[in-house]
Each structure stands twice: as structure tokens, then as C-alpha cells.
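Two complexes follow with chain A in common, the first pairing it with chain B and the second with chain C.
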Partner chain A sequence: MNNEALKELLYKMADDQLILGHRNSEWTGFGPLLEEDIAFSSMAQDKVGHSLALYTILQELGEQDPDTVAFTRNAEQFHNSLLTELPNGEYDFSLIRHFLYDTAEALRFEMLTQSSFEPLAQLSAKIRGELRYHTMHANTWIKQLGSATTESITRLQKSLEYALPYALGMFEKSPFENALISEGIFAGEQVLEDKWKRKVEEVLAQTQLQLPAWDTITPHLGGRVGKHTEHLQPLLDEMSEVLRIDPTAEW
Partner chain B sequence: MDQFGTFEVFVQPKEGKPFQHEGIVHAPNLEMAYVLAKEAFTRRFTCISIFVTETRNVYVSALTDGDEDAYDHVTKVASTSGKETFEIFHLLKRGKQHQHVGKVEAGSHNEALWVASQQLRGNKQVFNIWAIKTSGIRFTKQEDLDLWNTLGEKKFRDAAAYKGGDKLKSFLEKTAQQ
Partner chain C sequence: MVKSMSKPSLEKVYQWLEEVKDPEIPVLSLVDLGVITNVTISDKVRIEMTPTFVGCPAIDYMKNDIIETLNKHGQEAEVDINFKKSWSSDLISEKGKIALKKFGLAPPPDSKLFTDLEILENAECPRCSKTNTELRNPFGPTLCRAIFYCNDCKEAFEQFKPV
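Now for the complex of A and B:
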């Protein structure tokens, strides 16, 4: 099995989960209502948990331990998509990002239940319930606010248009696409992107939100090869603050 | 927040156990209530199913004091046409939750309590009875059942798992010695 290809796939998935998990956790205590605060925080914990599981698989492939990998790399060593590192902004943007990202997340893991790399196939099957909740939560909110009031529809629409180029960046091709596909590890970004577009269309069709034509959107790429926005490094600095103050701290 | 109504949440802890009342969530509608209830009430422990209904759908029997049985206050109601299904819940211990005991066919909430007194009253004393129209409940669908097919007990979601008290104690002891 092509270990380089496998590691590249695992790193980008783990980094996506860690960075968005951290971003979403910034809403803890500030959510629009108590119940939503709890649900959003809980899903953020799920994401960080998934990143740990993926970093643990990486460690078994010879990489450093999960804490070292998570807390001591610089921005250019991260492979998360740009979408996940953008600041939270208002809740409309966070919800749209949650919808666009988690739709892809659930589809990616669903595809990976068929992976020839057994540890990844097992993990994907194990977290299926959590992912199902994430998409159910996202779809329910988008359907609710995407058809509620002029304000909610206008705000979501604006966030959608802002987020879409970044969302397409999630499917930035890996230099190892062919190896991943031919070895049956992962069916590839193109297949995932097509599935994701159909799903996004299906949900948005049930709202008053307008999806721009796909060919009018230019993807914002670079995240997968370590070219990030100015927002990632401050996030990493905050995330690793405790470790830098006291490397022996436990929490 | 005060513009949102409340919804009652019922949880089934395991196969063979009855659904029991766990609490309320605020939400703009039944579907949102279901989604928020799932994480508000079942994120820390494993359960197999939940359902929710608007608080105003819960018909509450007469309140009782001391050893009174709520069914003793239920009077016969003439059977009416246009029957519907009602879910019946019993409060068997004061301060505990209402538990689901079964369903009855009736034309009104009052009739539902009467039919329940004939069909579902057991030997145990019942302090309070709830009747909820089945049609007003958002049940867990077959395809949603794997929502709880997840990573099992999540200790990291309990504050106690972080042993904050122990860490604070050892920290204070350490600083006292310095």
C-alpha cells in the first residue's frame, strides 16, 4: 500500500476536523440559544475526537504522536482546507460552513467505509452515527432559516455566496489521486465533489436560497499544500497556548 | 428566546425499557426540537431512541396529594366518534419521571384517561397521568436509529472525568511547599 498517499489523505482529513472542531468550539457559551450552544459544542468535540482517531492511525504509520502533531506544527505544515480556518463571523456563516463542510465530511467517510485500508474503513463505520447527526442538524437549520424570514434568507444567501469558493477548495486534488484510486483506498476528490454537489443542490432546493451555477465559482485552493490565509496561524497559536506555557500540563 | 415554545423530550435508555420523560427544549418547531433534544439529552450516555412533542400537547391529569391515586379522580366519559391514538404515561414515584405505559384509542384527552384507567391501570399507585396524541409526536424514524450507534460512553464530556479537584489539590499542595 502506498504509504505516502495514505498519509497525505489522513493528514488533510485530520487537519480539517481539528481546525473546524476548534473554530466551532469558539461558539461555546455564545450560541444563539442554550440548546444550540450545547449541540454545536458537542459536534465540535466530535470533530476533535475524529482528528485524534486519524492522528492515531498516522502514528501507527510512523508519524509522531497525536499531541505533537496537533499542537507543534506551523500553519504551512497544516493540510486543512481554507474553508475550515476562516473566522466564525456571524452565526449565519458558521451554519453555512457547517452545512457545506459536514455534507462533504459525511460523504467522504461514507466512501471510506469501502476503503481497502482497513483501519480507515473501520473508523468510518464507527463514527457513522455522529456524522448522521451532524448532517441532520445542518440540514434542519438550513431548511428552517433558508425559508424563514427575509432577514434569515438574505443573511444565509450572502454567507453561502462567500463560502462556496472556499467550499470547492475542499476538493483540491492530491498529487496521489491516481494511487489512492487504483489501490482502492479512496475513490478520489472528483467523485466526492460530484456527490457533494448533488447533495447540496438537493437540500438547497428545499429552501428559498439560490445556488449560483457551479461553473461561475472559482475554487479557493492552497490549503491542502500548506498555503493558508492569515487566519490559521493565530488559531494555532491560541490552540497551543497551554502547551507552550507548560509542556508538561495535563488537561 | 422567550418567543420559542417548549417541547417535551422522552428518552428510551435501552431495548425493552419504556420511554421516560427527560426534560424540555426550546425550539421554533417540532423538527428543530427533535434535533436539539438529541444532543441536549443523549450526548453523554448511550440510549437507543427519543421522541418529542410540544408541551401544549401534553394533557395532565388532576394533581394528587399524599397517597391519592390519580386514577381515582378519573371519571367515565361517554365514548365519542372520531377516535385517535393517545400515548399514556404514569408517574409512579414523586420526584421521578413520567414513564410510557402504553397507548389507547379515544375521542378526547378525557376519554383517553378513562380508557387508560380501564386498560392500563396496574397494581402500583399512579400519582399523575399524561395523555399525548400520538399524531403530535416526532418519533425516531427507522433510518435515524444509527444516531446512537456511536462511540459509546463519552467520559470526556463529563466534568468529573477531568479530575479538576484532584489537580487543584495537588497544585495547591505543591505551591504551599514552595
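Now for the complex of A and C:
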């Protein structure tokens, strides 16, 4: 099995989960209503847990231990998509991102249940079940607020248009795309992107939100190769603050 | 290091594991929770377990609890956490479901029925056993619980989520 290809896939997935997990956790104590506070906090815990499981597989493939990998790399060593690192903004943006990201995430893990790399297939089968709660949560709110008041629709529409180029960046192709596909590890970003577009169209069609034509959107790429926005490093600084102050602290 | 006594039977090991409870639900053993996926006995007791939710923060606690409990019975033990067998709420035993209800948590419905949030709408209230209830939040105080409200008891309750 092509280990370099496999590691690249695992790193980008783990980093996505860790960074968005951290962003979700920033809603703890600040949710627009208690239920949403709990929902984003729970999804944060799930996603950070998923990242730990993926970093643990990486460790078994010879990489450093999960804490070192999560807390000591700099922004340019992260492979998360730019979408995940953007600040939470207002609830409308967080909700749109949650919908766009989690739809892709659920489909990616669904595809990976078929992976020829057994540890990833097993983990994906488990994560797939958990993510049903995340996508249902996103779809429920998008459908409700996407058809509610002029303000909710206008806000979501604006956030949707802002987020879509970043969302398409999630499918930035890996240099190992062919190896991943030919070895049956992962069916590839293109297949995922197509599935994702169909799903996004299906949900948005049940709202008053307008999806621009796909070919009018230019993807914001770079995250997968370590070219990040100015927002990632401050997030990492905050996330690793305790470790940097006292590397031996128990927390 | 624990000095191993004679080799125990599989039945005995499961009996000991019954003593290890879910730290968040102290009435439910790990065996009834369905997270023990394999036990083999050779020079030591080897236990395979799988988390209810991947991000469950109690997993290390449970692992140490298993080792301590088996040590107490004079056995050396090793615990491997893996995903070879995926946990589902359907793995909770009937005895476990009764214990959950007594503890005040609604047991999970069949996970195969769970295809939409609508399905989750009416859980059976663990207090009055009626289903005049509504889902308030599919996310709760721990990853494995959802929050409901009973319209008859006029009180909130939690359900162990189907997954």
C-alpha cells in the first residue's frame, strides 16, 4: 500500500476534524440558544475525537504521537481546508459552514467504509453512524431558517455565497489522487465533490436559498498544501497555549 | 506486576467485567453496555473493547478500571481499544436497558429504525412510560444522550441515543 498517499489522506481528514472541532468549541457558552450551544459543543467533542482516532492511525504508520502532531505543528504544516479555519463569524456563517462541511464529511466517511485500508474502513463505519446526528442537525436548521424570515434568509444567503468558494476548496486534489484510487484506498475527491453537490442541491431546493451555478464559483485552494489564511495560526496559538506555557502540565 | 493466579474461565472473566460500570451511568456494566467485543485468556487476560462514541472521553477511564478490577482478582490484563467491531446502541443488553430506565434514562430504540429525526420524536418517558414526549435536542450533556421533554410529567429527561 502506498503509505505516503495514505498519510496525506489521513492528515487532511484529521486536520479538518481538529480545526473545525476547535471552531465549534468556540460556541461553548456563546450559542444563540442553549440547545445550539450544546449542539456545537457536542459536535466539537465528536470531531476532536475523530481527529484523535485518525492521528492514532497515523501514529501506527510511524508518525509522531497525536498530542505532538496536534499541538506542535505550525500553520504551514496543517492540511485542513481553508473552510474549517475561518472564524465563526455570526451564527448564520457557522451554520452554513456546518452544513457544507458536514455534508462532505459524512459522504467522505461513507465512501471510506469501502476503503482497502482496513483500519480506516473500520473507523469510518463507526464515524458514519455518529455523523448522522450532525448532518440531520445541519439540515434541520438550514431548512427551517432557509425558509423562515426575510432576515434569516438574507443572512444565510450572504453566508452561503461567501462560504461556497471555500467549500469547493475542500476537494482540492491530492498529488496522490491516482494512487489512492487505483489502490482502492479512497475513490477520490472528484467523486466526493460530485456526490456533495447533489446533496447540497437537494437540501437547498427545500429552502428559499439560491444556489449559484457551480461553474461561476472559483474554489479557494491551498489548505491541503499548507497555504492558509491569516486565521489559522492564531487558532493554533490558542489551542496549544497550555502546552507551550507548561509542557508537563496535566489537563 | 500482578502475580497471576490460575487461568480463569471465560465465564469468570465476564463475571468480573460485570463489576466494571460505565463511569457516567454507574448502574450499567461495560458488558451490558456492549463495549466489550472480545476476551481471550492465555498468559494474561486480553480484552478488546470499542467506544460508544469515538470521542468518548471516558474510554481511558474504563480501560484503567478494567485493568484494576482484573488485577484485584489476581489477573494480569491487557486492554486493546479498536473499531474491529463497531459499537451500536443495539448492543446494549436487555438487562442493560432495564438498568438505564431505572436510572432515569430512556433506553435507545432500535437503531435500524433511525433514519430521520422524526423517528426520534417520541421517546418513552422513563418516569411515566408514556410517549407524550418531544425531542428538545439530539445533543445532550454527554455524546451518547439526547434531551427530551415529557408533556405529562412536565419535566425534561434524557435518552440514550440510538446510533
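Structural remarks
Going forward, the second predicted complex is superposed on the first by the 251 of 251 C-alpha atoms of A that agree within 3 Å, B and C clash if a C-alpha of one lies under 4 Å from a C-alpha of the other, contacts with A are read in each partner's own complex, and residues count from 1 in each chain.
Everything below uses one rule, namely that contacts are C-beta pairs under 8 Å (C-beta built on N, C-alpha and C of every residue); 3 or more make two chains touch, one makes a residue touch a chain.
All values reported here derive from a predicted model rather than from experimental measurement.
When both complexes are overlaid on chain A, chain B and chain C end up clashing with each other.
By the touch criterion defined above, A:144 lies against chain B but remains apart from chain C after alignment on the C-alpha atoms of chain A. Shared-chain residue A:35: touches chain B and chain C both.
Of the two partner chains, neither chain B nor chain C is touched by A:230.
When the two complexes are overlaid on their common chain A, residue A:47 makes contact with chain C while staying clear of chain B. Of the two partner chains, chain C is the only one that A:122 touches; chain B does not reach it.
Of the two partner chains placed around the shared chain by superposition, neither chain B nor chain C is touched by A:246. Legend: residue contacts after superposition of the two complexes on their common chain; A:60 is shown touching neither chain B nor chain C. Contact with both chain B and chain C is seen for A:136 once the two complexes are overlaid on the shared chain. Clashing C-alpha atoms between chain B and chain C turn up only in stretch 40-48, chosen from 40-48, 76-84, 112-120 or 166-174, once the structures are aligned on chain A. Chain A residues 35, 38-39, 42-43, 45, 49, 126-127, 129-130, 132-133, 136-137, 140 lie at the interface with chain B in one structure and with chain C in the other.
Of all residues in chain C, those touching chain A in their complex are 50, 53-57, 82-84, 86-88, 111, 114, 116-117, 136-141, 143, 147, 161, 163. Contacts from chain B toward chain A in the complex involve residues 1, 4, 25-29, 31-32, 35-40, 43, 144, 146-151, 156-157, 162, 167. If you check the complex, the residues on chain A that touch chain B are 33-36, 38-39, 42-43, 45, 49, 126-130, 132-133, 136-137, 140-141, 144, 148, 250-251.
Considering their complex, residues 35, 38-39, 41-43, 45-50, 52-53, 119, 122-123, 125-127, 129-130, 132-133, 136-137, 140 of chain A touch chain C.
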